[in-house]
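Note that chain A is present in both complexes that follow, paired respectively with chain B and with chain C.
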Partner chain A sequence: MRKDRWRLRTGILLMFVMVILMPAATLIIWVFTERWSWPDLWPQTFSLRAVREITGRKGQLISLLGSSIFISVVVAFLSVGIGVMTARALVFYEFRGKRFFHFVSMLPFLVPATVFAMGIQVSFIKVGLNNSVMGVVIAHLIYSLPYAVRLLLEGTRAVGQTLEEQARVLGASSGKAFLKISFPLLVPVMLTGFSMAYVVSFSQYFLTLLIGGGKIKTFAIVMVPYLQSGNRNIASVYGGLFLGVTLIVFGVTERLAGKYSKKAGGEYYG
Partner chain B sequence: MSLQVEKLNVILGREAILHDVDLSVGSGEFISLLGPSGCGKTTLLKSIAGLLEPSSGHIYIQSELVDLVVPEKRGAVIVFQDLRLFPHMTVEKNIGFAMEIQKIPKDICRQVVGELLEEVNLAGYEKKKVREMSGGQLQRVALARALAARPRVLLLDEPFSGLDETLRQKMGELVRQLHHKHHLTTILVTHDKQEALRLSDRIAVMAGGRIRQYDHARMVFSADGTGFTCFPKQLEEVQNESAKKDHI
Partner chain C sequence: MREKLVPYGLLLPQIIVTVIFLAGLITGITQSLGVIPALGLTEPTLKYYREVLSDTGILISIGYSLRIAVISSFMAAVIGVFLCALMVTGKKTGGGYMRAVQLPIIVPHVVVALFAVNLLSQNGIMARVGYWLGRLQDQQEFPLIIYDSFGWGVILAYLWKEIPFIIYFIISLMANINEKLGEAATNLGAGRWTVFFKVTLPLCKNNILSGSLIIFVFALGAYELPAILGATTPRALPVMAYIQYIHPDMQNRPFAMALNGIIILISLASAFIFFALMEKSSKRLKRRKGE
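Let's look at the complex of A and B:
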């Protein structure tokens, strides 16, 4: 019995290594590889050419990094803000069409990005939002909102309204009751929602390309053509940076979420 | 501070919970609402505190009509059965919450918290976290927090329900003591007949969303102390509930 459990655990661990760590390790190796052809298991030639080429374009890299992070941070903030309000409306209030509204808020989960992008591009051209940062932010927002809403729905349900009720009878207005009681308790789930929305926005290629019309440059927009043209080492440097930025955002938000969750007594999120 | 409830009707969803409830509590009086689960006791407290909107009827606190007054301005503070202490705050912050909202200077706040903690026999617990305390201690903190808000009416929604008999009696005594000391007008919701008898000036017996009897404690129960003096049939369920509770 114990042996079976050990085998299962080892199997899952190996699968995890194969599925997640192996590709990540390959990506890192490709950053320093000049030539790696089949059937060799190890690169034939190493070089720092790709790293030098990209660090040589420092200004361009910083501006690219800045615009990508800016768009994703704005999208993540808006997702969390709108997500909190949507979650509160869906959890605490009864109104006509509530179920339909809930379904609509989850719709971007069901509609493929390509279909959505083509549909929304036409609408954005009509209202003059195409080829603009605002257009890209709105398109990313629509796509990342369901992730934030889904998480915040659960968080809002867990925190409930009872503590706010208590705060109200103790003299707090509804706004203060939310800010002083529910908000600090929701911070861990808000941070998780923030990082999810950030990652969804940061990795959008097709939406950014179509709505931004190639004028709005993000990491994904610059990285994908290198991948398609077979310039793997350059694409891997971008990929490594992409992975690094994402991991930093995830790490920081998860650490903060853990800290806040502990401060809240760990009652709501385990 | 007196409290007057007139012809109060509350409908939740499509279900009528309270039917024409009339209740009058004099200034400084301690009354108990006694009745089985689901008879509308908590709904009545929440309506008085402004957390539920009645479909008709009126509520007066100190002769002032408060129907349209928001909960934070009514001065009716509830201590709920589940206590609802704020888990991200220390004992001091919990008790000082109402004063912080009123922007009372911090040093005065600290002094009042210290005094209240002494009154509930928890001196020195200011910096404790809520999760580090026992059930009885948490109940005392919840009580101190309600007192810190200087309530016009104190509403206690079965706050001793999770405690053993000895602790329950001690808490009852403490509440009665604080009621006198702070000149409060108090409504206690309870299932426990003995508790209602021990603590209250008057008892309102509730069943099916109505107040069936409201009188001085000695008048509500029959001479042998086992039954109610009026509506024996309608109140059979109340008695059974109390008996069950006593047995437990």
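Let's look at the complex of A and C:
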């Protein structure tokens, strides 16, 4: 009886994992597919044509990788930096307008990026931010930041203030107390926030399209036309690269977080 | 006095970001009220909202977008909580399962669209499996799941991404509660599922609600999936708004903004409902504690 239940649970969860993994598997197959016509379950011919077509234009690919990753890394850094400050203010201080600031920092969750993008574009054009990397970074930042703030609020609350206060009683300046005490304890959460903010930025299509004006190329911008024109193997190669880069970023931050929390002796906050 | 200014100093970069965000939001709203000085429009009016709301095509679009947002956020919450409970009570919160849950969170929506085409189109894997099982002879017999007028393709694509999002959003809290309070309740003789429904679920309710709200607003206002996987009619609200927005005739701009205004109104109304629900459940919890 108990065993049956255990089997049922495992069965459901394994099915769930299958449903998650299967689409990713089709992506990998499509990268190498040349011909896969109805109704076969497996492609008739494989080739490296799509991969070659993309790696053949080396300069283009490198600049695409460069600009995509650059934009999202900058956005992620800014999100974490601003997030740490905002979280500190909202967790440790009582001040006028605290609830308001908390609310507006989460407001982008309630206003779709499409609405914001169409509203701000005219102003961005006026001040010369449209079609620029800077403009895209700012636009992405607005939508990545709330994720980082949410995580850092929890992290800051968990770390608390008592240790820092003790250091201050012992004569440390407030800056030093933060850097030596709270900062190391916050690093794992900061890394989680970093990867979250990175992913949110890396995935933006509409914001990049509108604010970047098609001139600022990211993976999403380059991939969608192939997808819409039914060029599935090229789209899959871009999609695969897209995922590969994200997985690497996630892997690296997670490794760092693991190392760091071991060193600090704290619990991994995830 | 200086001490009092510290929090504002810390908030300064956040405030700059927020001001830019609000600038975009407010510009959109004023334009939706027909105020665009550059075009010589200065008189605020509700004309554009009235016109938009009296257009049957647009009403159908509103229904389409709402349907996608309601079904995908509701089903993501229910299925996500169920799977999360299975993981938590089976102590499968680490390792491989968690890796699998993280995958859809990092997959961008445009790649999810590609997945949906690979699997669900009339030429996709599912249709082919149907053929091999002898359930259909021709690909046209496979039901139109993507590019359909109901929005199933878009909904399924969202679910693939958002069920794991809900799990990720609540699992650490749920595991904590289940470990601490769940054991106490089990010791007092409650069954596992009773513990789950009476103890764990009520304590997770606010987190589940805020996760669902994020999904709801996202599905209501996102462009990618309905633009790639949706039908030509009806179109989703954000897709409609974008079409009006890039219309060469600038006089169409206020219509785009009115459509955006409708998205905001629905988002805010739903946020209001969600917050009311959260308030209610925290009050009930407090009352219980007081007893």
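Throughout what follows, the second predicted complex is superposed on the first by the 251 of 270 C-alpha atoms of A that agree within 3 Å, B and C clash if a C-alpha of one lies under 4 Å from a C-alpha of the other, contacts with A are read in each partner's own complex, and residues count from 1 in each chain.
Basically, a residue touches a chain if its C-beta (ideal position, glycine included) is under 8 Å from a C-beta of that chain, and two chains touch if they have at least 3 such contacts.
Note that the structure is a prediction, hence the values are computed from the model and not measured.
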#### Entry: Clash or fit (per the criteria above) of chain B with chain C on chain A
fit
### Message
Is A:L13 touching anything from chain B or chain C once the two structures are fitted on A? First, second, both or neither.
### Response
second
### Query
When the two structures are overlaid on chain A, which partner does A:L107 contact: first (chain B), second (chain C), both, or neither?
second
### Task
May I ask you to decide whether A:S47 touches chain B, chain C, both, or neither, giving the answer as first, second, both or neither?
neither
### More chain A residues in contact - chain B or chain C
C
### Query
At the Cα centre of chain A, what angle separates the centres of chain B and chain C, to the nearest 10 degrees?
100
### Task
Would you sort A:L243 into first (chain B), second (chain C), both or neither based on which partner it touches?
second
### Query
Touch check for A:Q60: first (chain B), second (chain C), both, or neither?
neither
### Query
Once the shared chain is lined up, is A:I181 touching chain B (first), chain C (second), both, or neither of them?
first
### Query
With the two structures laid over each other on chain A, which partner does A:S229 touch: chain B (first), chain C (second), both, or neither?
neither
### Query
In whole Å, what is the nearest CA distance you get between chain B and chain C after the fit?
10
## Note on the structure
chain A contact set shared between chain B and chain C covers none
### Query
Within the complex, which stretch of chain C touches chain A?
4, 6-8, 10-15, 17-18, 20-29, 31, 83, 86-87, 90, 92, 96-97, 100-119, 123, 125, 127-129, 131-132, 139, 160, 164, 172, 213-214, 217-218, 220-224, 228, 238, 241-242, 245, 256-257, 260, 263-264, 267-268, 271
### Task
Would you mind writing out the residues of chain A in touch with chain B in their complex?
162-163, 165-173, 176, 180-181, 184-185, 263-268
### Task
Provide the residue numbers of chain B that touch chain A in the complex, in ascending order.
49-51, 70-72, 74, 76-78, 80, 82, 84, 86-88, 97-98, 101-102, 129-131, 145-146, 149
### Query
Which of the residues in chain A come into contact with chain C in the complex?
6, 9-10, 12-13, 16-17, 19-24, 26-27, 30, 38-41, 81-82, 85-86, 88-90, 93, 95, 98, 101, 104-105, 107-120, 122-123, 138, 141-142, 145, 149, 199, 202-203, 205-206, 219-220, 223-224, 227-228, 232, 235-236, 239, 242-243, 246-247, 250, 270
